[in-house]
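The next block holds one structure in the form of structure tokens; read it before the comments.
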Amino acid sequence: MAERRSRLRAEQLSALYGGTAAVKDVTLAFPPNTVTAIIGPSGCGKSTFLRCLNRLHELAPDATVRGHVFLDGRDVYAAEANAVAIRRRIGMVFQQANPFPTMTIYRNVAAGLSMNGRLTRGETDQAVERALRGAALWDEVKDRLRASPLALSGGQQQRLCIARAIAPRPDVVLLDEPTSALDPLATQSIEELVQELKREFTVVIVTHNMQQAARVSDFTGFFYLGELVEHGETPRMFTAPREERTEAYVTGRFG
Amino acid sequence: MISGLTRRRLLSRIMTGVTVLCAILALAPLFAIFGDLVVRGASSLNWDFFVKNPAAAGDTGGGVANAIVGTLIIVGVGSALGLPVGIGAGVYLAEYGGGRFGVTVRFLADVLTGTPSVIVGVFVWMLVVRPMGHFSALAGGIALAILMVPMVTRTTEEMVRLVPHSLREAALALGFPRWRTTAQVMVRAAWPGIVTGALVAVARIAGETAPLLFTALGNLNFRTNVLQPMQTLSLQIYVFATGPFEEWHRLAWGAALVLMAIVLVFGLSARFVTRTRFRDG
Amino acid sequence: MDRRSSDRTSPQSSRIGWGDAVFKAALTAFAAVIPLLFLALVGRLAVSAWPTIRAFGLRFLTTSTWDPVANVYGAAPMIFGTLLSSLLALVLAVPLALGVAIYLTEFAPGWLRRPVATLVELLAAIPSVVYGLWGIFVLIPLLRAYVIPPLQAVLGWTPLFSGTFFGNSMLAAGMILAIMILPYISSVSREVLAAVPPSQREAALALGATRWEAVWSAVLPYGRAGVLGAIVLGLGRALGETMAVVMVIGNRHDLSVSLVEPGITMAAVIANEFNEAAGLQRAALFEVGLVLFGVTLAVNALARLLVWRVARGSAVGSRAI
């Protein structure tokens, strides 16, 4: 499988709800084929920041974005950029698994495929299988692709959502606290999956669970009150943070 | 001397009984009417009733075949016109209905659901029958469509609004353009509810009479041409019930039984649609 | 061969925006039908009623002569009849409907609620003409045999019950209307009462109230606005009912207070006379329609405002069954 060298970089990114800034002037690069974890206490702007990357934030009422996000050198917020096209290059998995209830498992995974031109039946089958294998779900659902996704367990539904997000072969996969609603066993399988995903995609994962960040990520960014306080390689961030606030957070003194 | 507490508890028990009595009194007419429909209507139901047209005035025999077919045709025309508009307007209100235009449309739709159907009838008379020069089933269908639109609009909006936001986000995050998000995800998820609302509206208009008095008019013969006057069960019941012949009165009960059955079929299938959906999930 | 999302961004972009615009335009067109319909309705009625508006002015609402031969028209009997029949319907239906609503939300055992509620809603499914049929052949004979004699024996001296009972009467119309509007008042009231937070009832019970007292002093007052809205909604329905009324009310152009005598309502006179009317009479009927439309509009708007405050914009009460 081809290694992708897409570069995702946020530059002086700010996000506001009305007059209040939820994200303040963040500059952060995401190296290709790595997992970057975004950590911080509740309400620090991590999810908002993530949603700015795929231009989802601007759909909220009264929401504005300032700054730039460069995908392969091109600013997704440029005047001539098309938000819908951007979102096809960046996949997202949400906190609560949200498969489309009226579609079969097969159609859920294939949902994002038809956006990029018509595929033959064979091509769709291949893409679906590949995505489900990539999400470590193929063996469990290969005999019931026409079943309703609602029959799956929480962890399986979330993996289905991951399969749906990666099926269109995006450059980047964003995960917004993907395991916060799952039990420990399901959480573990998703964490293993995230490690696998970085082989093909650039992964950004928001998590309120520090141990999870330490387990799955290569780089970590610590957010506090909308600012990127510190960013660096994960082992160093957790053992020798440079900022006082970072140290306070990772040692559990607040948050 | 009954103590205050005992008196209060007695009052509570009595009032509870009063509400039970209310329920019984409220349902009594229901059972009476259904009972009468079955008892008095059943005697008219024979093969002839369903396949023949009304006999000449005063003669025995005859049936309501033309009325049954007419009801189905006019309800069909009305639904074909009213459902798309109502569903489209409902989806608009759910997806784009925040602004002043949406608020106005929503308010007017609610207000129009209460319009007396006889008024819609004279309106369509002026709008369609007069220019055409004669009564027609099409005019009747238009009148019924006008009655349907506000109803279907509000139920559709409500159903689409109930679809969780997370589905919209998932679709948008996949790169679905706005129109596809609405059409392929939101409306699709709300579809069983939308169908239910539509069936309920169809059941309502199937029983309408007043607007048809001045549009479809009625007819003693078997007609399928929508550009001509046509009979419906509701019109037939009105004519038979207010007519002078015993035979007509008997037939009116039979026609009422059939009409009630048709209305119930639409109503029950509406409930059936929601129930099967939940079983799949 | 691998298909990359990034391969196909530019050509699609223009097509995407176009799809959104067309879709929204189509939906907006459908939505625009509603205000257009409303304006057309009001406009058309007003234009067609203009001849009599110009000829009689406000006297149309206050005089009682309805003479197609002399071409003099006054709608006072119909307006009065509409109000009287609707008022009678409310007097009969509201206590019953509220009793049913309270029973279903407060006292009925869990397994009984859905079936009884469904049965009550079924009353709304019966077509108006079937109610009329039942009214003519079952209710009126019943009234004649068992209700009118004792009623007139006791209250025959009052203006409300004096006169001769011929069958078709304001009383019959009022009773049928009551049965017809009961399910609407009851189901909206039920939704309103069910929306009252349980903590209200619990607070009253915790203070030592009996079950009835909790309902009367805590639940009902909380849902007061919505229940009032339900009643006004029922009134709106009663004002516009046509077929059942025209079949049992007698259609006599007389301004009489007596319930046992025949009467006339605005909806009934239109149904009865429109097809045979011409010229000024037809314009007079259009004007009656305009007045009826205006009255039901005002009443329904009031009902919606009252119910919206409680139900916060959901389509409460607009369901047919």
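Lettered A, B and C in written order, each chain numbered from 1.
Everything that follows uses one rule, which is that a residue touches a chain if its C-beta (ideal position, glycine included) is under 8 Å from a C-beta of that chain, and two chains touch if they have at least 3 such contacts.
It should be emphasised that the depicted structure is a prediction, and the values quoted were computed from it without experimental measurement.
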Chain closest to the middle, measuring from C-alpha centroids that were averaged per chain: B
Chain at maximum distance from subunit B, centres defined as averaged CA atoms: A
Rounded Å distance between subunit A and subunit B, as computed from the means of their C-alpha atoms: 48
For subunit B paired with subunit C, centre-to-centre distance based on mean C-alpha positions, whole Å: 15
Chain centre separation in whole Å, for subunit C relative to subunit A (CA means): 54
Set of subunit B residues in contact with two or more other chains: 175, 177
Multi-partner residues of subunit C (at least 2 other chains): 5, 16-17
Multi-chain contact residues (two or more partners), subunit A: 84-86, 88-89, 115, 168
Complex contacts: residues of subunit C adjacent to subunit B: 5, 16-17, 19-20, 22-24, 26-35, 37-38, 40-41, 44-45, 48, 95-100, 102-104, 106-108, 116, 119-120, 122-123, 125-134, 136-138, 179, 182, 186, 210-213, 216, 233, 236-237, 239-243, 247, 267, 270-271, 274-275, 285-286, 289, 292-293, 296-297, 299-301, 303-304, 313-315, 318-321
In the complex with subunit A, residue positions of subunit B that touch it: 164, 166-167, 169-177, 185, 188-189, 191, 280-281
Touching residues on subunit B, where the partner in the complex is subunit C: 8-9, 11-12, 15-16, 18-23, 25-27, 29-30, 32-33, 36-37, 40, 84-85, 87-89, 91-93, 95-97, 101-102, 104-120, 122-123, 125-127, 146, 149-151, 153-155, 157-158, 175, 177-180, 182-183, 197, 200-201, 203-204, 206-210, 213-214, 217, 234, 237-238, 241-242, 249, 252-253, 256, 259-260, 263-264, 267, 270
Residues of subunit A touching subunit B in the complex: 54, 56, 59, 84-89, 91-92, 94, 96, 98-102, 111-112, 115, 148, 150, 161, 164-165, 168
